[in-house]
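In the two complexes below, chain A is the common chain; its partner is chain B in one and chain C in the other.
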Partner chain A sequence: MSAPTVEPTTAPAAAPADTAPAPDPRLREGAFGNATALACRECGHQVALGPFYACPECFGPLEVAYDFPAVTREQIEAGPRNIWRYKALLPVPDDIEQSPNTEPGFTRLLEARNLAAELGLDKLWVKDDSTNPTNSFKDRVVACALSAARELDAKVFACPSTGNLANAVAAAGARAGMKTVVFIPSNLEKPKQVNSAVYTDKLVAVDGNYDDVNKLASEIAGEEEGWAFVNVNVRPFYAEGSKTLGYEIAEQLGWRLPDQVVIPVASGSQLTKVRKAFQELVALGLVEDKPVRIFGAQATGCSPVSTAYKAGVDAIRPVKPDTIAKSLAIGNPADGIYVLDICRETGGAVEDISDDEVREGILLLARTEGIFTETAGGTTVGVLKKLVETGQLDTSLETVVINTGMGLKTLDAVADRVGPAATIAPSYSAFVASGIV
Partner chain B sequence: MSAPTVEPTTAPAAAPADTAPAPDPRLREGAFGNATALACRECGHQVALGPFYACPECFGPLEVAYDFPAVTREQIEAGPRNIWRYKALLPVPDDIEQSPNTEPGFTRLLEARNLAAELGLDKLWVKDDSTNPTNSFKDRVVACALSAARELDAKVFACPSTGNLANAVAAAGARAGMKTVVFIPSNLEKPKQVNSAVYTDKLVAVDGNYDDVNKLASEIAGEEEGWAFVNVNVRPFYAEGSKTLGYEIAEQLGWRLPDQVVIPVASGSQLTKVRKAFQELVALGLVEDKPVRIFGAQATGCSPVSTAYKAGVDAIRPVKPDTIAKSLAIGNPADGIYVLDICRETGGAVEDISDDEVREGILLLARTEGIFTETAGGTTVGVLKKLVETGQLDTSLETVVINTGMGLKTLDAVADRVGPAATIAPSYSAFVASGIV
Partner chain C sequence: MAVSVRIPTILRTYTGGASEVSAEGATLAELLDCLEADHPGIRARVLDDTGALRRFVNVYVGNEDVRFLDDLATPTPDGAQVSIIPAVAGG
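== the complex of A and B ==
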């Protein structure tokens, strides 16, 4: 029996909304672990697990639904030191560790005393995803997408991307030994091309902007059989990977939830999944329930969610991005409305800052905590600062800020702002005369 | 009582060689954990723990000596997920986790099935230190140097460097809140300057080559009080950090030693310390004793140790480096003679490859395992390949290759070798016509 190859169809309108649909008989048992179906986030309609991302009833986004067994802290702690320690809570098979993957996750949670003192916070932590295998949180979601691609017997592993996602997909595909195709805009800077091309000889440059590349990817997904585009037709599985950020924060805090979390918002998926992770941990009895205020961070040059939040409206008006925070530059964020709901419901907020403040955020984190983040992290740290200054964040509450990526990928953002304090002749007297210390 | 500030003196010729010297009374108790003294690697003479690096009797290199208590696997496994899980085996205090540091280590040990198949090896692992906080193994040694600097009440944390070490020192110093000064050659490429300057406003450019910068650092260490140069006057503590690579390999293999290890050779310190780590684990009863063949890797453009190995001589003749593997470009390696001893004694070898083979090594690792390494890692992987091809490495034995750094730092090495397979118009028909898949 061979597994189904990924097909880019809409989901079959099969089962009644209150019954889990029968699994595709071509899938091996437990292919998606404890996941039971894909459920529409809007109308609740459920369809069988497969390469589907839109509800056949209402076209709402599909999300993985589960029937979790009892899971203990001890079971998790005995697992590997990567995201697979949470495999029981992800749509992956129980033998996931046996299949070559990049083994991402379980990154540092650092107490940030210097940054806390600088901002006037009582207790602050940085969850640092810049130390993932390809230096961004994308390794988490791609690892889950890779598992889905494998179980669905995909022939090609693929994505459209301009940066972090391309790196993560190219690296994971190489390690898995799968044919991997990455589509990028042809005008992408050379260093970013190299950082993906090093892993795959199937990098495709497309003459157009990112929207054009994205559209082409959807078209290929619709025409070709057996392609798993991580952020298109296996997106529901992919998105679940972000939950591991929430699990890790709770476990690394000693199995408890923080009071406040600040999270960058691109599509908004990560923020919604961290929330989902916290709720699952509570439901499973792994942490005590408590209020957690959730804050979203955007760059002003692409701040459709922050704009809606401040205007007090529910609808997100798409924008044309113009910011140095390119990994957050999604003008029409798919999960924007859910971010609004969550931030309002939990007593959080969505805030945005200028590109200059993004640059200052990068330097602030580097100089206080020795973490060199990319523009997305600069945005998150800069927004944290602004939330404190505007009184939106409670400085007496324990706060976690998520750093999603690494500064070497966006060097240009700060290259003109830092440099040698002095240039001296190679002698002790020249050093003394410089007065540098 | 205040701790002594770091002073760049030669070690006091105090105790007889067979007695541990009394600790400096100004140090707090347990400042260096289970370390008892600094012992000369040549003559065995011991001096008290302090900012000393040369034997007062024979000018040989000083190394940390210990009186280890009983240490169990369970104690180590219950520790933090970074190098401090091995704190009982390092010259650091028992409360080291309380002092802000970058929390490096416990990086991935990946089974490399694709690379093994490509090279014809039965069992191969990659120890991947590119996911350390500043993306190289230097975070390990710098964390130990930082602890020494703190215990010695240093006023300034410093180093001369052109790359990875500068990044690690600048980041660790920032997080520790110490005044941190990093000296670099003034002609260093801008991206490498930025990658250190982002952390500190005390980057000093020196008009000269790396040797000039190094000399200036030694001069400052000799003239100024309270400076801790990680790779000069606190070097014995610094160097111990490399042992954690060996501990982790053994623990991650399930508390056993591999049969063969391939390690890059710059100063040679890392290779000697990995060996020391294996010996300590055996002595402590934490792993079973067994033969481990140790191999050193150099780039031909800076291969003084490999040259001596092949010539069958004991003396290392210094060279003027000319290779793209700049983080390995030490023409007069301090630990070269010990590397020769170890590789010969264990049945290993020292081998070198051309810069073109270094570039091929980078691509080989990226395409087979999804790990983007810098030129040093390209050297190590390329040498692994050559060792197999020349029959110096036993392909039936379990082998570990160490990746010490990250490809984003040396992008230029491969920038001209990789790129898009095709550039197409943004349409499905153009994609099909390209024949790329």
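== the complex of A and C ==
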């Protein structure tokens, strides 16, 4: 028996699976699991599964289309405690667990009672993706991209990155025994540079911002044979990895959807895929349908999506980023318009906060829940706080906030704000005199 | 007045496989007219029905996105390098 095909979220009637373009005969059978084609999210045009990312008709983004089999909760629960428990819903082969990968996912979903109390929320969870192998949610997307690169017989595994992606690509490539080349803006946080350079001797720092690095990578992808740029020419496969965040949240809540989710937005890809995951779970009968309000978080110094949301317009005007939240510093977010659609359609919002509020968000999460997040998570927690204060978030509803990255990578953001409360001589009288307690 | 235009993979069917072509025009709009004359069909891929740049295409003059400049009215001086690049997501 075959479950209903889940179509790309907003594509106008994608063609049914049996009219999908013929696969490349050089691909092995089942190379992309239950995926059937790449479909344009804008016009529905389909192309064969391969290293393609833009629609030849309208330049729209290509997304993976599937013919899903019937999948049960029991089958998923019997799987490994990593993202491959959802392999039937990803564009990866059935034997994916046989290939070396970093095996990310199934990170903890923590009930955050202290933070909830502090903010005045009835029920709050933190989905903590800082414990992935290279300490950000990017290990999820890279694991799927690596599978695609392997099946397409790519020789070089590469990416333009704001840092976390570079870390994940360099590590996964090392484990897979592939040559990696990662491109970053030269002003990136030092820990993120080191976290890539330990795994690869081909870290390339580009004088420019992320959007410049991205442009360069797109040009290289157009010229070099055999390169798999995870977020350029194998982007459709890569992006599907973010769905596992949504699957895990639902499974860890006991197979149900939360009422509200707050998600950081750089390119916007992750937010759209968490939504797609929820919709697929409903379509497959794995969770009950219900409204889920989706909120996007940006730092004011790079807030093109939030700006468009507040202005009530559909087009996103690119910006030149200037914020400490460098992992969110994409001035020209390709999936931004879908974030606008989703947040509006679900009754959510897109909000932004200052760099000081980002730092406060980091400290707030650390001091209420013992989770040290990077600037992206500081942004998300800070935006959560602002959404409560401005009445945009319903405090009586069950809320999940996603922490996508680890604080040790952006230590500088708070290093000047915290430190010893006192420096004292090693004597009891000195301690008493310090007035610490 | 010659300007070099980098063509993305998905549009190379219009340029006979060439990744770089030469075109003329004082502005991006004129340049696209010239491209259309030499490679019929290409303009409609880059511009939408209203004649604006499509949502998912980024066009650069030098290293600058034309949306930071004058869009289709952006000057394309002799010797400039124009790049047409599909938007990508995910950093």
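To be clear about the criterion, the second predicted complex is superposed on the first by the 403 of 437 C-alpha atoms of A that agree within 3 Å, B and C clash if a C-alpha of one lies under 4 Å from a C-alpha of the other, contacts with A are read in each partner's own complex, and residues count from 1 in each chain.
Methods note: a residue touches a chain if its C-beta (ideal position, glycine included) is under 8 Å from a C-beta of that chain, and two chains touch if they have at least 3 such contacts.
Everything quoted here is computed from the prediction, not taken from an experiment.
Q: Quick check on the superposed pair: does A:Pro133 touch chain B, chain C, both, or neither? Answer first, second, both or neither.
A: Once the two structures are laid over each other on A, A:Pro133 reaches chain B alone.
Q: After the superposition on A, what does A:Ser269 contact: first (chain B), second (chain C), both or neither?
A: A:Ser269 sits against chain C, while chain B stays out of touch.
Q: Answer with first, second, both or neither: which of chain B and chain C does A:Gln75 touch in the superposed model?
A: In the superposition, A:Gln75 contacts neither chain B nor chain C.
Q: In the overlay, answer first, second, both or neither for which of chain B and chain C A:Gly60 touches.
A: So A:Gly60 only meets chain C here.
Q: In the superposed arrangement, which partner chain does A:Tyr238 touch: chain B (first), chain C (second), both, or neither?
A: second
Q: Answer with first, second, both or neither: which of chain B and chain C does A:Thr390 touch in the superposed model?
A: neither
Q: Which partner, chain B or chain C, touches the larger number of chain A residues?
A: Result: the larger residue contact count on chain A belongs to B.
Q: Touching A:Ala171 in the superposition: chain B (first), chain C (second), both, neither?
A: Only chain B is touched by A:Ala171; chain C is not.
Q: Go through the superposed model and pick first if A:Asn187 touches only chain B, second if only chain C, both, or neither.
A: After superposing on A, A:Asn187 lies clear of both chain B and chain C.
Q: Using the superposition on chain A described above, determine whether A:Glu219 touches chain B (first), chain C (second), both, or neither.
A: In the superposition, A:Glu219 contacts both chain B and chain C.
Q: On chain A, which stretch or stretches are contacted by chain B in one complex as well as by chain C in the other?
A: Comparing the two interfaces on chain A, one with chain B and one with chain C, the shared residues are 208, 212, 215, 219, 223.
Q: For the complex, give me every residue of chain A touching chain C.
A: So the residues of chain A in touch with chain C come to 42, 52-61, 141, 160-162, 165, 208, 210-212, 214-215, 217-219, 222-223, 230-232, 235, 238-239, 266-269, 315, 317-318, 320, 327, 330, 332-335, 337.
Q: Report the residues of chain B in contact with chain A in the complex, numbered from low to high.
A: Residue positions touching the partner: 81-82, 100, 102-103, 106, 108, 110-111, 113-114, 128, 131-135, 156, 170-177, 179, 181, 184, 186, 190-191, 193-195, 197-208, 212-213, 215-216, 219-220, 223, 362-363, 366-372, 406-409, 411, 414-415, 418-428, 431, 434, 436-437.
Q: Which residues of chain C touch chain A once you look at their complex with the stated criterion?
A: Touching chain A: residues 6, 8-10, 13, 19, 45-46, 54-58, 60, 63, 65, 67-68, 83, 85-91 of chain C.
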